[in-house]
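Heads up, the next two complexes both have chain A, just with different partners, chain B and then chain C.
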Partner chain A sequence: MKLKRWLQAFAVAALTVGLTGCWGNRPVNDRILVLCMGIDPAKSPQQFTVIFQAPTPSAVTNSSQGSSSGSGQSEVFAVKGTGRGLEAAFNEAQAQVSKDLYLGQLQLVVISDKMKPELLHRAIESLRSIGPLDKTPYIVVAKNSAFKVLQQSSPQAKFPSLYFISLFGCVSCQTDAIGVRFWQYLVRLTTSGVDPFLPVALPFSQGYRVDQVALYRGYQYVTTLDPVQTMNFGILEGLSHKVSLFLPRWQATIAFLTGPSRLTTQVVDGHVQARFNVRLTATLQGISSSSVTPIELSQISQRASEIIAQRCTAVIRQTQHDDVDPFGIGRMLSWQHPNTFHRFADWHKEYPKIHVIVHCVVKITSVGTVS
Partner chain B sequence: MKSDAPDRLPRISAMQFATMVTSGYIALGIFYFPRQAVSVAGRNGIWSIILDGLVTWGLMHLIFWVGRLVPNETLTTFAPKILTKPIGLLLGTYTVIYHLVLAIAAATLFGFVLGDIFLPETPQWALVASLVATAVYMGWGGTAGLARTLQAGYTPVAILTLLTGMATSTLVRHPVLLLPPANFMLFPVLRGAWNEYIIFIGFQLSVTLYPFIRNEQRKQAERYTYIALGGVTTILVIEYEVAMSTFGPSYISQLRWPLVSLMRILSVQGFFIDKFGLLVVALWTIIVAGFVSVRLWCLAHDIMAIAHQKTTKAYHFFLSVSGAVVVLGTTLIPNAEYARILNEKYLVPAGILYLTGVPALVLTVAHFRKKLVTKLRTSPEVKPAPPS
Partner chain C sequence: MWPFSRKTHSGPRLADNATPEKGPAGRLMDNLKTAEQTLEDITEIDHGLVKDLITETKTFSKRLESLSQDLIPGHKSLDEFSGDIDGAYDRLKNTVGQSPDIIIRRFFIGHGPQVPALLAFVDGLADNQMIDQDTIALMQRYQDAQVLIQSPQTAHQVIHDAVTSVGHATVETQWSKLVIDLMGGNTIVFIQGCPQVLVLDTVKYPARAISAPMTERAVKGPQEAFNEVILTQMNLIRRRIKSPNLHFDPVKIGQLSQTLVVVAHVEGVTNPELVIATKRRLAAINIANLEYSNTLAESLSSSRSLFPQVRSTERADIVARDLALGKVAIMVDNTPYAITVPATFMDFYQTTDDYTASFWEASLERLVRLLGLFVGLLLPPLYIALSSVDPELLPTKLVITIAGSRVGIPFPPIFEVIIMWSIIEILREAAIRLPKGLSTTLGTIGAIVVGTAIVKAALVSDIMIVIITLTALGLFTSPVYEMAVPWRILFWFVILAAYLLGIYGIILSLIIILAHLASLENFGVPYLSPFGPLRVRDLKDSWIRFPEAKMRHRPTYLRSVSPIQRSVQKEPPMVYPQLHQTQKEHFDDET
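Right, the complex of A and B next:
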């Protein structure tokens, strides 16, 4: 009986120790929770520099109490490491701090558009193999230097990561919801017939501007769409929320253009055709609801539809010119007509030849302002 | 006075039987799901999952048929009487090894998942030992105790998983992938079904569990198990569709544990746990512990049948030893990739061989030895077993 009791006590003690996961327990005070990571090319062409940015302990404390440090000191600090791989860069950075650099809470990855494809490939592959990282951080592109983006502060948020989480987490806070999570980026990288796009973060004196997207062919940076092109790109991707269009003839603005975009592919006589069916709803502003007739409303809708279709077609033409398919026309072809898609050895060579039609319908749901 | 009649075994209800059988599969393949099917069949993997469900229904039917031959004895007990002692012993040994390997595979796999995601600095053996110790503890109280524990722990987790699966449908990015693929390819579908079958191979534990059902509830128990199988297959199809339309076939093929990856990206805004999916993955510990526990229970009973042992002490002894062997066995598997290769190359073929070969052999021999089978079936049980 005594032996049984002892065995039970031992079992309970063993399970208590074993099941808590205390083996690798490290208090949060002993950790540096990296929230942002920047990746820049290094001086050596075979290396890259990784910036690990974390909030200072006082900033974390103040943040939880809802106050600011107020001393003019930076709320974040960064350590850099350079190497041929993420691991080497991490080790160099770790050697500069007294606490454990922990990547499990990473919320933002900033990559420079100057990163060479092979280096970016190496960095991304290392990043995706980190077990505790759940692949949900947002990923953005920096023009020239990721470090500059991370250095920039915004009066709207203490840390860059909080700014971008707030921005991308709220679809109605953006003109186009172009936030890309790391796993979404990986999905595009690994899927044939589609190329990645990433939002570009441009620092300026008041914070960041995010109204452009960078287009990549695999890991190769290709080009950046300007803000107007990005709006039309957002419409084609079904991501537009606050896009507006001014119509000089009526001196009116079609605002809050939003709605889904449906891509379909067809094979006609061996030729691939793609069609975007865009259905947008919008508000008509700058014109009095009493002065606009149903016929005028119809004309305005039709004109807006034509302009948007033209602009969207122009964006697609440019991507065809650049041999980069961020819309996933090839991917859709592989899903709808797999045999045709598999006939093409290299989709990027085929993409410029396909015929693309954009059919857009703008439906005006409200006119003028409500008084 | 010594009698040849079998001892009366402790009995469980129809629902408890269905719960135990259902917890005896799923856990091993759920982490790989649906990569094995998608990596060879692409979008046609959906047909592989459905085919697996149908095949399992058929094989389950055969296994129950085997169980009904001598419903008061386990296969390991009655096989030597029907098939001759050496073949019966061989079959019993195969059953024991099969249970053991499945338990090792599940414990190893979960150790890797837990270690990779939550506890990277905890030694693998410690994770496995804790899991197995929990499983031994669950099985310590015997059949009815284990069944009740599983009912209490397994069912809520299964429902939570289903609800979470439905929540993951908010992640769907490509609704076009919800539709069946345009090009049906037979051989990839069959290969996908073969590879994916790891998720179902564990249900064979019913050959050991069948005589423990209350006599009057046997038909009902079978019916509940079929319903549970239908439920499991439906949930798998839903999860497949969600994973497919979120990640697409190419990315799924590259993920080590696709469903875990799916759960990890699930975030419920406004809920007090941001990464809600991770909580569900952590709760899958109960499903794996249940899986290992029913395996250990089967192991103990099958070894007891081979060794002609019937006491509670012997049960506890074999349960503990089996647990220790499982922990030791997991130390032989160095990494997750090695575990995957072992599972795909050896475990699936061995499992399918068992699930098809055993009914074929036993039912064929039983057909030619009808008198003996009838005698065994109708022999009275000696006495009710003491409550365990």
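Right, the complex of A and C next:
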């Protein structure tokens, strides 16, 4: 009995001591809460610069009291570090501050579209191995410089991270729900037959504009879709929420185009065919006629379907032209026809050759403002 | 001069006018007095010790003398009353009679022929009116005392049957029991020549009135709590369970206190094995003084766990309900708290209000209690874990708010908790024994002055004030006070685990607590019943209370010999009474 007691005591003691490596006890106010991280290429081609952005102590205090600084002072500060890896950059940044540079609350990663693939690969792999990072921060692309994006402030939120959390966390706050979390990005990076896409954050005087997506082939930046292409990209991905379409013939707007998109693949005579079945619901707004007949509604729907199908097809053609498959057609093929997919040594070489059909049906479920 | 003759007695008693020959004790006392005088003469030291010794010796000498009077040839033992009331007088006077509250009175039975008698009682514990009017007055007016003289051996029976009007009277012969009866408030009556002593139940304690429960208040339930008198406790239960199957089995515990303990159970409902086990555990208790019912709790518990394993309650309705379910109740004289066994964890979260309110309300209240337990136990540990060890688990806005509130605080969160909880405990301890008016003032001072000042002094953060307030409220949502105690202690265990290992530590500590609870068992009943082992049927009266009609069975874990407490009604009686039809018929008859 005594032996059992001793064993129990020993087990508890061993457990406590053995697990002490799993914790780091430091009050949250003794840490610098890095909310945003920017990654820019450095002057040296083998290095990159990491910007760690955190709220200032006064901003933190004001935040807890529900007020803002009001003096025009920046509510965030940034420390930079440069190195061949994230660790080296982190150490350099840590040397510039007196508190623990804590990455556990990282909410946003901004990467420059100028990052070379090998540098980006190194940065992403380092990010992946950070212990406290829970792989849930959003990741966006900055045109040229990530630092510029982080420098930009918005009247809508105190910190850039809060702006993007609010934006991407609210589906109905976006035209297309194109927010990508770090783990989703990693999944696309490591899954064959699909390429990652990332939203582009464009700073302007009043804040940020997020209506474009950047397409990547692996770690290689390829192109950026313009806002109209991005809307159609969103429709094909089933991410559209507030997409609208103007029909000049009826002077009407089809708004709130939303609905699922179903991708199927088939192999016909050794050739791969992909088909997008897009079923959208929408609201008819701003039509000039005093009343809308069912026939007119049908015509409007049909016309809207045709236009969307054409535009979506054009977007797909564009991606085929760039040899980048953000829709995951290859991934779908590997699920539905694995033998065919495995015959292809490089999917990116095959992707431009496949025949893609977009079938779109727009159903007008409600009529908005009818004059 | 007392007129009773001592000549009738043989043995060591001496004749009148004879110089009594001093016994060894008397001689020793003389020697001591001489020694004292000698010491006074030859020295100047304090002789207090010698005087005390002389006093004690004197008392001892008198006791020996009174005992020697009972050494009549043929008499069985010193513990038996011999029938000699002079001896009884001396014995009483020299033992318990030295105390001023013991009244010993001689009198004569009979108006014509007279029989000497002796009566003793404890002033204040016995009803003087009953002694004066129902005992002494009736005995003194007794006309047929000749019968007592002729057959003194049966005198007690005659008095019992034809004279005294005290409701409850018994007979005793042994001094050891007579003295205990006397101390319990009974009046003992010795009759010359009769070896049987009448024990008249004249007990009348100065008892506290039946008041509303102070520690287990109910909104709509009965407002009757036990008082200190065990008879009243039994009456309160008997009023609720009028069945003849309700048994009160008396046990005396405590060599000095001789406290009356009553084991209550309902025959035909309670498992007899449970009653036997309770009695055996009580019989095994060997203590000098039993003052409180809680003293029995340890002996009635299977292990020295933090968690109470017996339910202590002052509410008569809860005891009655537990008895009706098949439990055993133990009541201790002079303690207004009865104990019911076996008790499970769930018992400590059930109150009277659960059964006086609708099952919706009762279920809601129980769930609030569960929520209160979790909030009270886990809020500060979660604060420590999330603000110190695992801040990555907090939402960004919240972590910034917490960080902002902690700016300028010199202590880590665990010290904040220690400071605040220490203040709460000190305030609680100080307020609990103060008069009501003062405790309210103290509470106000504690809440406003200390709370505000401590935040202004930047010793703790304002979030901590909110957390500690919720914690204090949550931990005391337990309707039974003693269940709040283990949580208040384990709170520190969870705090330490959270400080060392964060969220993982909290989970680990909760698993340890849960494992401990699951290991507890008392009277063969698992403490976590009906959750572990799972008894689906008993879940109807757990955190969710089902309607009364659905609770047909007594709890499975009690293994009652009569498991069903409510029979099924095949057809609900008069669900839709024909009110309109009856009214119409009535009017038709009138017209």
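Throughout what follows, the second predicted complex is superposed on the first by the 343 of 371 C-alpha atoms of A that agree within 3 Å, B and C clash if a C-alpha of one lies under 4 Å from a C-alpha of the other, contacts with A are read in each partner's own complex, and residues count from 1 in each chain.
The criterion applied here is as follows: a contact is a pair of C-beta atoms (placed from the backbone, for glycine too) under 8 Å apart; a residue touches a chain by one contact, two chains touch by 3 or more.
This structure is a prediction, so every number in the text was calculated from the model and none was measured.
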{"item": "Chain B versus chain C as contact partner of A:T191, first or second or both or neither", "value": "first"}
{"item": "First, second, both or neither for A:Q251, with chain B first and chain C second", "value": "neither"}
{"item": "Touching partner for A:L162 - first (chain B), second (chain C), both, neither", "value": "second"}
{"item": "Touching partner for A:S205 - first (chain B), second (chain C), both, neither", "value": "neither"}
{"item": "Contacts of A:S98 with chain B and chain C, given as first, second, both or neither", "value": "neither"}
{"item": "Contacts of A:V28 with chain B and chain C, given as first, second, both or neither", "value": "second"}
{"item": "Partner chain(s) touched by A:P132 [first = chain B, second = chain C, both, neither]", "value": "both"}
{"item": "Partner chain in contact with A:R331 - chain B first, chain C second, else both or neither", "value": "first"}
{"item": "Partner chain in contact with A:S172 - chain B first, chain C second, else both or neither", "value": "neither"}
{"item": "Chain C-contacting residues of chain A that also contact chain B", "value": "15, 19, 23-24, 132, 134"}
{"item": "Residue ranges of chain A touching chain C (in the complex, touch as defined)", "value": "15-16, 19-20, 22-29, 31, 33, 35, 55, 57, 60-65, 102, 104-105, 107, 132-134, 161-162, 165"}
{"item": "In the complex, chain B residues that touch chain A", "value": "42-43, 115-123, 126-127, 129-130, 133-134, 137, 173-174, 176-177, 181-183, 247-248, 250-251, 254, 261, 264-265, 267, 269, 275, 278"}
{"item": "Chain B-facing residues of chain A, complex", "value": "11, 14-15, 18-19, 21, 23-24, 131-132, 134-136, 169, 181, 183-184, 186-187, 190-192, 331-332, 335-339"}
{"item": "Chain C residues touching chain A - in the complex, by the definition given at the top", "value": "387-392, 394, 396-397, 399-407, 409, 412-413, 499-502, 504, 508"}
